[in-house]
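Next come the structures, one after another.
In what comes next, chain A is part of two complexes: it sits with chain B in the first one and with chain C in the second one.
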Partner chain A sequence: MPDQLGVVRAFVQRHVGETPVDDDEDIFASGYVNSLFAVQVVMFVEQTFGIEVTGDDLDIRNFQSIAEIHRFVLNRGGERLAV
Partner chain B sequence: MSEHIAVIGAGTMGIGVSHAFAAAGHRVTMVDVSKPALDRAAAEIRRNVRTYPLLGARPEARPGATLESVTLTTDLERVADADFVVENVTEKWSVKEPLYRRLDTLCRTECVFGVNTSAIPITRVAALTDRPDRVVGTHFMNPVPLKPLVEVIRGFHTSDRTIAFTRDLIGRMGKASAVVEDSPGFVTNRVMMLMVNEAICLLDERVAPAEEIDRLFVQCFGHQMGPLATADLIGLDTVLYSLDVLLADFNDPKYRPSMLLRRLVDAGHLGRKSGKGFFAYDLDA
Partner chain C sequence: MTGRRGTVPPLAGGTVQLWWARAEAAHPGHAALLGEAERRRLTGMRHDADRARFTVGAALVRLIGAAALGVHPRAVPVDRHCDVCRRPHGPPRIPASGLCLSVSHAAGRVVVAAARGTAVGVDVESVRGAPETAGMVRHVLSSAERATVPARPLSARALVATWSRKEAVLKALGVGLRVPMARLVVSGPGEPARLLRYDPDPAVVARTRLLDLHTGRRYTAALAVLDAGVHPRLVQLDGGRLLAAHPVPG
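And then the complex of A and B:
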């Protein structure tokens, strides 16, 4: 079973930089990333997990923390991990 | 009422301007000398139209409708019947000068030219044409579809009618406009470029690392992004060329670009668009 949470953590941490980010921390409210990062997260989720993000999915609450991103991936049945 | 908007330059600003005008119901022709740049522009508009509702933008009424309104071409002749031109090419006089001379002979007499330059005075650009009354500065902010305000710059000869037409066009895009008088860098960039340059100097002098410099501005002052990330977003080449204009026009050494900035531009590290600037960016994301 691929470590999806680990992959999400690594992606977010790579964009935040050196400051450690807790899984439940709102990365936008904390100022670690700006709003344009939300677009990058959508692309990441689609390309890494084979999920199509559509319509109602485009709610920033689905992407505002590592835990929320992971929860979204699990709910949408994302299984593919890019090599 | 729908106008034919010509957007010259398929870089970051041209992409955003085209997207915003097309989403507002206008027919857009985007022109660039590079076919690969136009292909990238189409892909980015498609991506942004889909994802910007995440950031509060209105979704498309019908999928694909926005991009359908944008004609992408390398043929400048296609803008001959345009009502309004927005020019967003490289911030270099050697590129802009021949372009405006050609546009002036190509476009209808009534066509208004919107100059989306970073720092070059609008009056200077207008002097390249026989229609200085119909040349106006239209300083759109990045990302164009999401920013609510446009800086409109009145050149020496820009007419009240041109200002009114431009403000109306911007208003119908759902944006507001602030009219300022012509001066190198206008209001926004004259201050912004100085601030960004000082942040780069701090980095070069090893006062603090890049992440810490930006974090101070974001968490202490509530900026959406710090000065170094902002520079990466603008493009380090654009920042450098803008500072060069400010230095040449004001002849004031406070605008002297940081040597670190020059080195990074010489090395091809232009920020977000090249994948590396003060920070690294995943170009596929």
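And then the complex of A and C:
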């Protein structure tokens, strides 16, 4: 069973194509995704880890990299509910 | 659209120049106009389309800056440091030029807004591929905006247009997406663009002029201008022509 970090990695990877992305790489600045992708990340986090994310959480700093997304999930006590 | 001769017209106060270009407008050699930090960022991009868009935006910024400073585009001191984390992903600034710049790209479109002495923020988005509307409603709209959503669901286009308006304001303020979209209230999709509320600092509302821009039905775009009076003058310019007029070897 993949861990949370692995699930986040797989999600980001699915959206940026075949190029491997480092955990700390800024996925927005790298041009992999545009700003609207932040909404997709939030929806992924909600659906995958059962976390309720409010509009006030949509701060780019929470979602800038694989590592930040993972940290956000951990801070919110997210559990992996579904793949 | 003016700028047919491929030159940068003088930029007067109270005017905003909008330079539009297609993502494929850059000759590969235009990358040679870029500075070291920009080329490093380009190297970090592994998709051709991303490199093309970034090159068009960065080359236009340098050509506009070169006209203002009277120097070669490569000699324009472009600073892209983010105010918060100091990484080079912030908006381009050209110290001592008096210019305020904002760049946006989406799919096949690139736009650069340039003004003198007044902050500008521009955003263009592709409607295609936008996140599903339920997510947009929950994470982009404020509670005040959700309360006015009509019984008929908002179209993807209307929601993306709202995003563009808000992102333009956040870019003009220099805060980017560090301020959640739900903390801004803008006018409804069918109404003229206006910033109605900005929770982090209510005084921003009176300083901000917001305008929808039109660049084809597959895109939404908006411009925010700070402290420029009621009617900033917009000049639409052909960025593709400007790039084509500056061929570079390579």
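Convention: the second predicted complex is superposed on the first by the 77 of 83 C-alpha atoms of A that agree within 3 Å, B and C clash if a C-alpha of one lies under 4 Å from a C-alpha of the other, contacts with A are read in each partner's own complex, and residues count from 1 in each chain.
The rule is simple: a contact is a pair of C-beta atoms (placed from the backbone, for glycine too) under 8 Å apart; a residue touches a chain by one contact, two chains touch by 3 or more.
If you're wondering where the values come from, they're calculated on a predicted model, not measured in any experiment.
By the touch criterion stated above, A:V42 is placed in contact with chain B and with chain C alike.
Contact with chain C, but none with chain B, is seen for A:D56 once the two complexes are overlaid on the shared chain.
Residue contacts after overlaying the shared chain place A:D23 against neither chain B nor chain C.
Contact with both chain B and chain C is seen for A:N34 once the two complexes are overlaid on the shared chain.
Residues common to the contacts of chain A with chain B and with chain C across the two structures: 17, 19, 31, 34-36, 38-40, 42-43, 53, 55, 58-60. Chain C makes touch with chain A in their complex at residues 41, 44-47, 50-51, 53-54, 84, 87-89, 105-106, 123, 125-126, 130-132, 135-136, 138-143, 160, 163, 167, 176-183. Within the complex formed with chain A, the residues of chain B that make contact are 47-48, 51-55, 59, 143, 146, 211, 215, 218-219, 224-225, 229, 279, 282, 284-285.
Here chain A touches chain B in the complex through residues 14, 17-19, 31, 34-36, 38-40, 42-44, 47, 53, 55, 58-60, 63, going by the rule given at the top.
By the touch rule above, chain A contacts chain C in their complex via residues 17, 19, 26, 28-32, 34-40, 42-43, 53-61.
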